[in-house]
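Chain lettering (A, B, C, D, E, F, G and H) follows the sequence in which the chains are written, and residue indices restart at 1 in each chain.
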Amino acid sequence: MDDRTDIIMDLERETRTGFPEAIYGGGKTIEQSVRAFTALVKRGGKALATRCSREALDAISVAHPGTFIHELAGVAVFPAPARREAAAARSEADAAVDVAVLAAGTSDLPIAEEAALTLEFSGFVPDRLFDVGIAGIHRLFERLDRVHSARVVIVCAGMEGALPSIVGGLSSVPIIAVPTSVGYGANFQGLSALLAMLNSCAPGVTVVNIDNGFGAAVAAIRILRQISRLA
Amino acid sequence: MDDRTDIIMDLERETRTGFPEAIYGGGKTIEQSVRAFTALVKRGGKALATRCSREALDAISVAHPGTFIHELAGVAVFPAPARREAAAARSEADAAVDVAVLAAGTSDLPIAEEAALTLEFSGFVPDRLFDVGIAGIHRLFERLDRVHSARVVIVCAGMEGALPSIVGGLSSVPIIAVPTSVGYGANFQGLSALLAMLNSCAPGVTVVNIDNGFGAAVAAIRILRQISRLA
Amino acid sequence: MDDRTDIIMDLERETRTGFPEAIYGGGKTIEQSVRAFTALVKRGGKALATRCSREALDAISVAHPGTFIHELAGVAVFPAPARREAAAARSEADAAVDVAVLAAGTSDLPIAEEAALTLEFSGFVPDRLFDVGIAGIHRLFERLDRVHSARVVIVCAGMEGALPSIVGGLSSVPIIAVPTSVGYGANFQGLSALLAMLNSCAPGVTVVNIDNGFGAAVAAIRILRQISRLA
Amino acid sequence: MDDRTDIIMDLERETRTGFPEAIYGGGKTIEQSVRAFTALVKRGGKALATRCSREALDAISVAHPGTFIHELAGVAVFPAPARREAAAARSEADAAVDVAVLAAGTSDLPIAEEAALTLEFSGFVPDRLFDVGIAGIHRLFERLDRVHSARVVIVCAGMEGALPSIVGGLSSVPIIAVPTSVGYGANFQGLSALLAMLNSCAPGVTVVNIDNGFGAAVAAIRILRQISRLA
Amino acid sequence: MDDRTDIIMDLERETRTGFPEAIYGGGKTIEQSVRAFTALVKRGGKALATRCSREALDAISVAHPGTFIHELAGVAVFPAPARREAAAARSEADAAVDVAVLAAGTSDLPIAEEAALTLEFSGFVPDRLFDVGIAGIHRLFERLDRVHSARVVIVCAGMEGALPSIVGGLSSVPIIAVPTSVGYGANFQGLSALLAMLNSCAPGVTVVNIDNGFGAAVAAIRILRQISRLA
Amino acid sequence: MDDRTDIIMDLERETRTGFPEAIYGGGKTIEQSVRAFTALVKRGGKALATRCSREALDAISVAHPGTFIHELAGVAVFPAPARREAAAARSEADAAVDVAVLAAGTSDLPIAEEAALTLEFSGFVPDRLFDVGIAGIHRLFERLDRVHSARVVIVCAGMEGALPSIVGGLSSVPIIAVPTSVGYGANFQGLSALLAMLNSCAPGVTVVNIDNGFGAAVAAIRILRQISRLA
Amino acid sequence: MDDRTDIIMDLERETRTGFPEAIYGGGKTIEQSVRAFTALVKRGGKALATRCSREALDAISVAHPGTFIHELAGVAVFPAPARREAAAARSEADAAVDVAVLAAGTSDLPIAEEAALTLEFSGFVPDRLFDVGIAGIHRLFERLDRVHSARVVIVCAGMEGALPSIVGGLSSVPIIAVPTSVGYGANFQGLSALLAMLNSCAPGVTVVNIDNGFGAAVAAIRILRQISRLA
Amino acid sequence: MDDRTDIIMDLERETRTGFPEAIYGGGKTIEQSVRAFTALVKRGGKALATRCSREALDAISVAHPGTFIHELAGVAVFPAPARREAAAARSEADAAVDVAVLAAGTSDLPIAEEAALTLEFSGFVPDRLFDVGIAGIHRLFERLDRVHSARVVIVCAGMEGALPSIVGGLSSVPIIAVPTSVGYGANFQGLSALLAMLNSCAPGVTVVNIDNGFGAAVAAIRILRQISRLA
């Protein structure tokens, strides 16, 4: 960066919005990603990076031992969410988990994991329900109780993006739909799923940007904080 | 029409393609529609017109008593499909009907009727299954036997256009999906349903143009003629 | 409707999804709208219709005295939300209202009212904050306390659709953004606001279809029901 | 894959839809493709993979000797369709072949082969008719008898995508049109062919996604199964 | 028009470009159209107006008796092309006509007539070949000699817009393709035909704007003037 | 290629359309390009290949010594147009050259050369007028005589694509506009120039596909053959 | 408006941004437009309304005698710009006028007038240069001195939108380009002109929304205020 | 380049338009970029190149020692702007700087630097205000005085592109908005920011092409020259 520039940090973002700054590795070099990660760790003792290349994840991992890396999802979390077993236990014990994260197909997994890991980074408990797409809709029906017991549901789907409508027609829970860019041809990089979700016949389905698992998780956290405010 | 023009009739279309010329009332004046209808009746004793305004339907009806008119669908059929009760009877008696015509919502009805009436015009037996959209998917599940017993299924849906994917995941029957322009905003006049159907995760779903109930029926007839060729 | 069709009612939608069937007057004739409204009133003693023409609203009003009509928003609600004064009172007394409904400009008002009236129809208390668009952003800042005290915020904006980003950067509350078709030229019937909101730099903003005030309200109700489940 | 995920297999897909799960190699790593291929072979003794890179095909071939590989089409089939000579014999002897697969130009060949190989994988007999595009339409006319003798016709074309319309105007057989992404500039990755086919003036032409040779074959198989149900 | 504006006439356009100013009635009031028509008649003794409403055509006709009006095409020509019979005679006598104007379907006729009348306005001889679309391609083949004998061919087609490709594959004559907005749904107001023509596999096909019969005629005239320069 | 495929050559294309088959190197491997080039040379003693990579050009050059290679344009011509000096001479002597090929900017040069070389391949004489874009329109004005003396004008331009309109307003010669994909951002890979040219206010401008210099040349040749038919 | 709404006026907009609130009549009823106009007159003694229907203009005129009405442009200005003759005088006397407003064709006049009247409303002096489009570019060249003598140039053009590029290549003055929706077919309601202007090869051309003559004028005023700050 | 081409230099561009020719490195080879840079240096003793790869920048640097290179922005400036410290000094001393260059996020920096360096190349003084996006809008408010003191403001923003609207609502200065392609998914390579800026509710905001920092700087220079003409 040029020394003449005048960069202004946003130090109070977590206070204002309930979620700290995170690193979007999309357009960054490896060096930039590591430097930003380090800055966040130094400032607050924790950091989250999404959309990182394998090389960037490796470099972050070397710089910050103890970081949890999910290569497929391109996510780095520091410190590694230690409360995992506890969380799983709680999930079994309690009737209600915080968020159910659904993925229609295996190709939607990276985005679904981005959402799930963002939730764990903030201390919430996601229940992963993958491969429940509408090509074999019985797989969803057999697990409907887990959907009903969640406080919020995140639904990731590409191609025709129909899963949020199905879930929305079966449940009264808040639904955050994430269109993924999975598909080809007239999928137009996620446009088909995006338009389908925006036009859901199940009212009350809300939508985030294509492949924005991170944003869906933050939207869920905004809801969960309101619930815990009252609880 | 100007006398200098040189219009060339396509008299053998039915011989070649298995379906006679029909009238698309979309861009025609009332007078043009009636004249074309009369020409078809004179030539072959039968006529089908789609996408007609109420006024055009009335004018056709006056010119050709005995025409069956479906105002909502904008369709005129001559002669009125007399075998209706017989067909219904046959539909009950047989295990298999020719075509099941599904409509997701009430707004998709005009397009679904356009398909059903085109089938009846050609002597086939449609089984109408309306209002079985995915916002209340149990309504479809309760009638799955009627889907399974059809030789071909036509599925009309607007908005997120997900119904063909559901049907395609539950049945091995040929599926012709008709995206309708039902919706608003990011529906973009049927684009959302069109893209969704083209990206169906249920393989083997085929698609026709937006609101093209007529084309879906002709596609079904092409299949049915192959079946009867062997039967 | 033709007598051969087989319409299937979705009687348990409220049980399943927390919100009863409502009437979208968009593609309906006056007669259809009134008939559907009457059917809902007979079944459940209440009805909501959106996107109705002035003529349809008048006809509903004649058929069902005691219906509250909002002409600008194209909404009919039966019975008229009687708890209005009480609600206003409660809104003043309590620190927290249920939902703040923001509109950027006066042209966004019909959509914002559609959302607010849907909330009132379901017994929730909306706090209307209109004309707080970013062309004069101080108008929002002077009322930030009312935003902060809401459990959910619905933000309606057309043109560049930037208001949800501003609110999202200032508050940790759940935000449902409604792009409106207000604008002209490169607005492309709401596309500019829709894309802007999907790309919000404030994470956790969720989006519904263009002009879908009704859907935003149902999304808010899904959240509010989760909150009251715990409260 | 992370051990916390909950993958749900769709074991009965063939029973329900008439076609088993296949592998779309598009977004998969070589390792993922091989693993999925092996899983299918183990479960059912057969496997089909499409859109695989040369490297993935090689790896599959090494892991499963006896796999038929078509590099240009990116397809792997196990076991190699042994009935080939028999099929060719039958094709000559019989008046009717199962499916005629047409390709407009040499660039459409990979997609056409994807369709033909999918048909052979399922035991059906495709008749390949390549390079019969409309730039030299006499080439099609000289082979029209082979089109007429097929039960179903799959037509692959890029650029202006006109071949399905020509075939549809000359034959009463079911037609499945596959727009290919062949072209450049205002082709917009297959959009020109897709729109042309959806707007075919030959009624009854149905369309699948851009470059979706696999889907076209499955659509043909859905039809062929109905025919054989009666035969 | 306001008196302060400073309108600058383009008096030498015909000298420069070979074609005089013509009136596009599209966005004009009846009064504006008549005034402009009168101005052209006064200046040069002749005038051509396209895309006029029936009312505008009537008003022009009243103001300028002797104007030829083609209502369907929305065209007014003054003076009425008197050489018509002579032209027809010449067309029969000569081997070569100036321009063959093809129209795929009856709905493309207004645009084809706009082209033909513009040619006649300039003293050229169009040969009208209407209803030769690819749904019944034999109708074109039976008249191929008339295509081959033309110096230039204008081809008007909507929907899948394939006719120019067919003609381009059969003839070495210059081809000007006019996409029309005939169609619905995924036709997108002529986009399907436009893209198809731009992607024609028959090389050397050129394209004008959607519904621009006038522009196609002027393009043909540019070519014809070059031919006559040498003849 | 698989031995089961049935490739059909189009041997009489030149007889029918006035231009022989050429090789589009776009989607071809080096091997495919060389093989196709060799086939054309063997059959007719000449060959033209466009859109070839540097590697493909080198391979063709090795296989066919005496081939003229234009690396920037990606074109190979065999035999090398020997009549070049003669042509230049003729161009100076005559008042009229066959075709003026204009390019707006240096980035449009590859496309303009593709057109010019295609013309030379067929024995026509192009006059190259490069870098005459509207950012410095005086450069065009100083060379207008060369535009006026041409029988046909090909105009290549990217970005706002305005050059054909300027030329069309100054000359009565046939104009073939080639939008190029030169630009970035809201250029959308040539869409801006394409739309601009289709909407030219200079009537009679015709357009070919984005970057289609080859097609523009063939369109010019179609015109030139008509002229020479009479000459 | 409902009494429950909470409208917040933006009283200091002129202080902050240099231009007072104006009325966009686009989506307003006649009654709403008149009421808003009256409010502005009462508050500041002046008002400007754009995009008003003829009926709304009449109603405003009746309510506020002394309002200047431009029907074609849909604009109402109060008080009528009395300094007009003075301004014209000044324009002749001075070397420099404030703003030159160019319009390519007569159809662009309403938008150009919207800009010119907005400037006059604010006390600035526009020099109108209409009908100087590129189809007859000499008309512009003959008036170049008037372009050079302006401080800012507003250029309105539809169709291919090339005029700003020409002006930008000839002058160093600030240029604000206004794409108009004039055109049809592939014009896509102004998209062609918008994209062309955004891709202008003349650097430093800036663009406003389609048909936004008002916005262009305000942009010019922002510049003029900076100039007068120093002068 | 081929020796037959006829390249015409535009030597007087700076005289005409106030800004000399610059090199757009986007589609150029390293060799072409260096050659063009050298040509400009030879002719006028200075050169500016934008959108250069790291390799091209290195090659330019080697060929012309004393060139200032900004790798992130892809810009080369010769000679290095020596007046930098002086300029900074002047910026502190004066109340008014020439141009404030704002960037919403760190990812918008390359484009903002392209603008700033183009300004410095021409001797103007930019004031860089980076990372003042609306996700933390207080960062802008704390620096509003620097915005108010500028003669022109350039605002670079990607994603929802809202920053220009905010600035436009707070200041009366000329605003040039630069949409950047920063974002993903429904950002569509900068379309979301472009549409948002064109639809700004703050009147008088003008827009340049996506990522066109260079064009924004030239637009600013056009304004600054007018100011200095009077000063």
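Keep this in mind: contacts are C-beta pairs under 8 Å (C-beta built on N, C-alpha and C of every residue); 3 or more make two chains touch, one makes a residue touch a chain.
The shown structure was predicted, so the numbers you read here are calculated from the model rather than taken from an experiment.
The interface at F-H recurs elsewhere; of F-G, A-B or E-G, the pair that shares more than half of its residue-numbered contact pairs is E-G. Per-chain Cα centroids separate chain D from chain H by 51 Å.
Here the spacing of chain B and chain C, counted between their Cα centres, is 36 Å. For the pair chain G and chain H, the distance between mean C-alpha positions equals 27 Å.
Once the centre of each chain is set as its mean CA position, chain C and chain H turn out to be 43 Å apart.
Shared interface positions of chain A, i.e. residues touching 2 or more other chains, are given as 16, 135-136, 168-170, 185-187, 191, 194, 198-199, 202, 209-210.
Going by the touch rule set out above, the chain pairs that meet are A-B, A-C, A-D, A-H, B-C, B-D, B-E, C-G, C-H, D-E, D-F, E-F, E-G, F-G, F-H, G-H.
Interface of chain G with chain E (complex): residues 70, 72, 84, 88, 106-107, 109, 113, 128-132, 135-136, 139, 143, 182, 184-187. Contact residues on chain H toward chain C in their complex (touch as defined above): 104-105, 133-137, 159-162, 165-166, 168-170, 183, 185-188, 191-193, 195-202. Residues 16-19, 22, 151-152, 168-176, 194, 198-199, 202-210, 214-216, 218-219, 221-223, 225-227, 230-231 of chain G touch chain H in their complex. For chain F in complex with chain D, the touching residues are 1-2, 4-10, 12-13, 16, 26-27, 179, 181, 189-191, 194, 209-212.
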